[in-house]
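For reference, chains read A, B, C and D in written order, and residue numbers begin at 1 within each chain.
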Amino acid sequence: MENLNASKAPLRRLRLGIIGGGEGSVIGRTHRAAALIDGRYDIVAGAFDIDPERGQRFARSLFVPEDRIYPDHRALIDGEAARNDGVDLVAVLTPNTTHYEIARDLVNAGQNVLCEKPLTTATKEAIELVRLSEERDLIFAVNYGYSGYPMVRHAKAMVAAGELGKIRVVQTEFAFGNPTTMTEDTTGHWRTKSTGAGPSAVVGMTGTHAIHLASFIIGSELAELSSDFTTFVPGRELEDNANINLRFEDGARGSLWASYVAAGANHGLRIRIHGEKAGLEWNQENPNDLAVMYPGGDKRILTRGNSQLHPAAKRATRIVTGQPEGFLEAVANIYTDVADVIDSRIQGFAPDPLALAYPNIRDGARGVRFVDAAVESAQRNGAWTSAGLDFPAS
Amino acid sequence: MENLNASKAPLRRLRLGIIGGGEGSVIGRTHRAAALIDGRYDIVAGAFDIDPERGQRFARSLFVPEDRIYPDHRALIDGEAARNDGVDLVAVLTPNTTHYEIARDLVNAGQNVLCEKPLTTATKEAIELVRLSEERDLIFAVNYGYSGYPMVRHAKAMVAAGELGKIRVVQTEFAFGNPTTMTEDTTGHWRTKSTGAGPSAVVGMTGTHAIHLASFIIGSELAELSSDFTTFVPGRELEDNANINLRFEDGARGSLWASYVAAGANHGLRIRIHGEKAGLEWNQENPNDLAVMYPGGDKRILTRGNSQLHPAAKRATRIVTGQPEGFLEAVANIYTDVADVIDSRIQGFAPDPLALAYPNIRDGARGVRFVDAAVESAQRNGAWTSAGLDFPAS
Amino acid sequence: MENLNASKAPLRRLRLGIIGGGEGSVIGRTHRAAALIDGRYDIVAGAFDIDPERGQRFARSLFVPEDRIYPDHRALIDGEAARNDGVDLVAVLTPNTTHYEIARDLVNAGQNVLCEKPLTTATKEAIELVRLSEERDLIFAVNYGYSGYPMVRHAKAMVAAGELGKIRVVQTEFAFGNPTTMTEDTTGHWRTKSTGAGPSAVVGMTGTHAIHLASFIIGSELAELSSDFTTFVPGRELEDNANINLRFEDGARGSLWASYVAAGANHGLRIRIHGEKAGLEWNQENPNDLAVMYPGGDKRILTRGNSQLHPAAKRATRIVTGQPEGFLEAVANIYTDVADVIDSRIQGFAPDPLALAYPNIRDGARGVRFVDAAVESAQRNGAWTSAGLDFPAS
Amino acid sequence: MENLNASKAPLRRLRLGIIGGGEGSVIGRTHRAAALIDGRYDIVAGAFDIDPERGQRFARSLFVPEDRIYPDHRALIDGEAARNDGVDLVAVLTPNTTHYEIARDLVNAGQNVLCEKPLTTATKEAIELVRLSEERDLIFAVNYGYSGYPMVRHAKAMVAAGELGKIRVVQTEFAFGNPTTMTEDTTGHWRTKSTGAGPSAVVGMTGTHAIHLASFIIGSELAELSSDFTTFVPGRELEDNANINLRFEDGARGSLWASYVAAGANHGLRIRIHGEKAGLEWNQENPNDLAVMYPGGDKRILTRGNSQLHPAAKRATRIVTGQPEGFLEAVANIYTDVADVIDSRIQGFAPDPLALAYPNIRDGARGVRFVDAAVESAQRNGAWTSAGLDFPAS
């Protein structure tokens, strides 16, 4: 029961190092909770801040051993390489524009990585990381954390089992609305500037999650898109609202709405998928439920923990139905997937195929490509633009 | 209380004639209920069916006097014109492609009209009807019935009062999913063929409602659009799914999803509007509630009948909060608006300005233009296409 | 389609007389809408107000013929009895304490009656009305209007078909909260005083609806109850909150919460029923949906108009799924049931058994007995008290 | 940010020992996740199973050091007492009937305790534990874990701040329905027998949570109750359904429904509270939202993470609004409260008053008394029975 998700009991807790995510970081807190909740990892090393002193202070508050508190990612790589008990996995939680360099160095040092999204801020860099990582056969996860929710896993399993029939329409959105003016803009301006966020603001921050979610569930990649970008809040450099029409490789159509100006919306990640035989709807703000609708009017609400769910959902579930799990548990499921795969390598057995559901580096690269394509289409006044990506032979 | 919506008590019930909407017609039943529920109309004349005998049988089942049962709309026009107690209003409930001719004849005879949407199946015809009707200063309503809901009226009043601030985003959809295959297609093939439906299927049937609703609430017309049409069900001639990006005249952006293939969705008319200060959401399947959201997380559910609502909503309300009203009452509000205006002319006073909220012939013409623009954009692979309309000087 | 609910087409519209429900009366407006919406009745006679002049003015606003505007119920009885085209049905919408006398006079004159609830304010009087009415074989309906909702009809049909298994638990409530203090008490003090309301305030006004609903659906009467009454708002004479534990004749248990002090609740009529095999939940504020829950976690939302519903629900449905119907339509279904039965007598055929679903005079008497029992139990500090009723042999 | 809930940074992670909660235990998994997620505890010692060998195997799977794996709670007490780095807190997760003895031994050894509910299965034993624990000034928490939810904390703060006015009505329920027959009864028969569950089954398992929740929020204890118990499933010894009317010390009234036979309900913990000024509703299955209703119809949905919430809610929040937290985080908040108080003692400062929100031993004793009173009232056919408790002077 404890090692619910492993094919074989782990020999030990895994050793986790963290780059970034220091004092005041929401994403840092999220990753630590996700790594710790199942007792699969110890946080043993870190370079938590661009300011080494502040990072050291923060590391001490986490009780990281003094000799494994590092000033930067290079020092961490070197220090851990020199130990017998070096880290098994490094989480990269730094600002977007630094992902590429840090991830490249980690990969070149043969390190397994769990990187925040976006993988990089340019497609070319992303492709290079795919090549480097796959050449070394490393584990490289990208934290599209919403795909860790049990009911998302169930939705994917339903589609894969043909329960919806051929998929026709995918409607998705990730639109929130705090703050809605520049003065209220307490989430930090860097997310709305090209120097901080790269070529896109809201599409790169929220839209890419929605697209990953869509492809994850329907099992088909985005083929092309037509986007309309707007900047509503005066003083912002990049788009804060985007309406994007979608065409998937398997013929499904749909749309994405990504927004920072959906005034009053708390979070706003939602997806609806309709196939020939049935439709489904999932809303991240009530993630324990999944609605499945059938022609004729039969609408069913499935709930995490229900006995009739697919194994992929059950595997990602800790507690009984009706006692909700949340976002931290979703991200924890990504960490647990990765732990299972790392552990299977340590012990030399084949990993549980269900553990391979974690978003990997190819998913990360596709996400970068999607953002680039959306920017390009918007610049061309909505001309349909390919979002496809040719990977190196693996 | 009884004549809640009139500035002055009516002198008599109004006399309603009906063209179409005979045996088995859902829309016929809807209009009769809407006309009768408030005791403002008697149904005194009709040409209910293209088959005069069947129409006569049906008219008798409604207890229409024998001498006012007509074989077709021309006979009705002539017969009623010859009477002192001729009809005050004629409802046109026939198939789309016949609207133009019937409406034109009625208008030329000086008759007030309440026509089902779409007004016509071509923009040019719609413009002509606008001209003819306005020259004669007739009352001509087009049944965008969803705009009759009290909470839609309240939403419009909120926007007009500046409670949402400048509008930025409009997301709307009207997507249902029964049936989802050709074999199951029990709603009749004519809706999916150009001979029956005109140039568009689902956009003309459902999409145009959603666009009227959007413009009605935000008080701004659609400027241009970019559409993507798909036909999923084999054997259908016209589109059964459309994703359309929207740009409104006041700068708002948004999207529309119109679909016949949203498998399992019952009805699927929903709208969300976000301004600088707040957002709102309304779902036709639960029409007595309106959600209003404010940055910072305050989400309020307003309910039909609540004391704090705008007069435009209260005026459209019959019973106390918590005892729901539905679609028939929404359409009844259109009928009552029209009755108030007709009655004000009979008695010679200025109508209640709130009664003028009913969708008029210009709204009808704009709806036709929207459908034409959506078809054109889809044919041009999503190129942005003007949806604007120049009306004759009135 | 039009005369959806009749086994045979009606020969004519029925003639309806109304006692009470005049100017400003919410219940009056409700009944008129319910009677008119389906075109089955004309309102041809009335004594609408205790003040004959005001009643006359109001009757004229409804366009009732001058010679059928009466000063009181006795005049109406006499006047209509003298006509060949006398009324087929009389609706009694006066204050509670007058129901008995008016209903008795109507019954003694051989008139069919549709009386607002409560039937009377004392069990003994109710029993007498049952006897008188049944001796004359009259149609006598009592307006427990919530039982007219299609999804309530479906719920009843599900239980009758054994789809829930033996019923175990019935949880119901009718609790609203406007106003919550005496000063705010704009609904009128008479409802909170024994001179106006009889022996009970909120239990007689709302609780009796909930109990009828429960018995209607489960097909078993209330056997005994244990009640706790409280008066929270200073200055009120009668209870404004009641918690009542329930035992039904078939062994089901449950509870009722009736309240005027549920601050902020709009209406608050809700019922949940759990049997051996499944449970169901219905909330009057969203009446088009019915939730059905199965062990293991399958929860289904059924919607009015869905193809899989029982005939009893379909019969009570006017428009397609997803276009909601509301409370007026529910009461209209009671009127239509009654019309079908009256019409079957006029034409001499057996009525559609489904039309007999309307709440009859025995249901009305049971409701009066329930209120008396609840008062008695509260006076005895919650001692279990029989709510059963022995009817005269019929 | 990390040590969000402490007035001062902790000097070290606390050392947690666990009794019970071994292989296959749902409650064991819950506690471990709750203790680990915030990085405030290490699980360093345990006696996880009544079978020492199985317990040892399980302890190894958690990587507990060999020398701190104990065969039973007495060995743990002795072993940890002999160490300089002995445990700071012991969690008791064994079957109900063993709580008293284990807790007594721990308290007598001067150990801080976090015990699963019910504290004991008899009021007298509970009172003794209160006395022993308070004499030694120990920290003794009882896991009424639902009170750890941020929106429950906010509800309590609203009431304390007078935002609802004087409380009038409390309606609560904890009713689920899997399984609903004996054959399906996979949750184990011991919960339905007196030898395992003590004098009550469902009231002791779920009802006591609902009553704690009610008192926690309204700040008033239960004074007396009137209960109706039923055993629906053949073969069960104890009640599986209870309807209980409630009277609180401050004059509030209400009811509790506790059930194992609410067929199809997933979990079913819900509470509604109405005061003079407003009402609120919270449903554990969607715990991130709290509905607040005001007379006149303003209904507001507050969400965890919103800026306007009380500090007590913010303190219990890890991630941003719209990314849900769940039950494990609620229990983690209990663990963090306790950690803050233990840490304040270690470091010698006064604890954050908000940390004292955790359910303490008096709450535990009151819960035991409630169950005894409910059983007694049911045996007396619903006679009102005192649920009050006289504590020793502290």
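Definition applied: a residue touches a chain if its C-beta (ideal position, glycine included) is under 8 Å from a C-beta of that chain, and two chains touch if they have at least 3 such contacts.
The structure displayed is predicted, hence computed values, not measured ones.
Visitor: Going by the stated contact rule, which chains contact chain C and chain D alike?
Guide: Where chain C and chain D share a partner, that partner set is A, B.
Visitor: Let me spell it out: compute each chain's centre from its C-alpha atoms, then which one is farthest from chain B's centre?
Guide: The chain farthest from chain B, judged by C-alpha centres, is D.
Visitor: Rounded to a whole Å, what is the gap between the Cα centroids of chain B and chain D?
Guide: Inter-chain centre distance comes to 55 Å.
Visitor: What's the distance between the Cα centroids of chain A and chain D, rounded to whole Å?
Guide: So the centroids are 34 Å from each other.
Visitor: Could you please state the distance in Å, as a whole number, between where the Cα atoms of chain A are centred and where those of chain B are centred?
Guide: That gives a centre separation of 44 Å.
Visitor: Which residue numbers or ranges of chain D touch two or more of the other chains?
Guide: Residues 178, 265-266, 296-299, 303, 305-306, 321 of chain D touch two or more partner chains.
Visitor: Name, in rising order, each residue of chain D that touches chain C in their complex.
Guide: So the residues of chain D touching chain C come out as 164-165, 168-169, 171, 173, 175, 177-181, 184, 226, 228, 230, 232, 241, 243, 245-247, 253-255, 257, 259, 261-266, 272, 274-279, 292-299, 381-384.
Visitor: Going by the contact rule set out above, which residues of chain A touch chain D in the complex?
Guide: 1-3, 9, 12-13, 23-26, 29-30, 32-33, 36-39, 43, 58, 61-63, 176, 178, 265-269, 284-288, 303, 305-306, 318-329
Visitor: Could you pull out which chain B residues touch chain D in their complex?
Guide: Within the complex, chain B touches chain D at residues 296-303, 305-308, 321.
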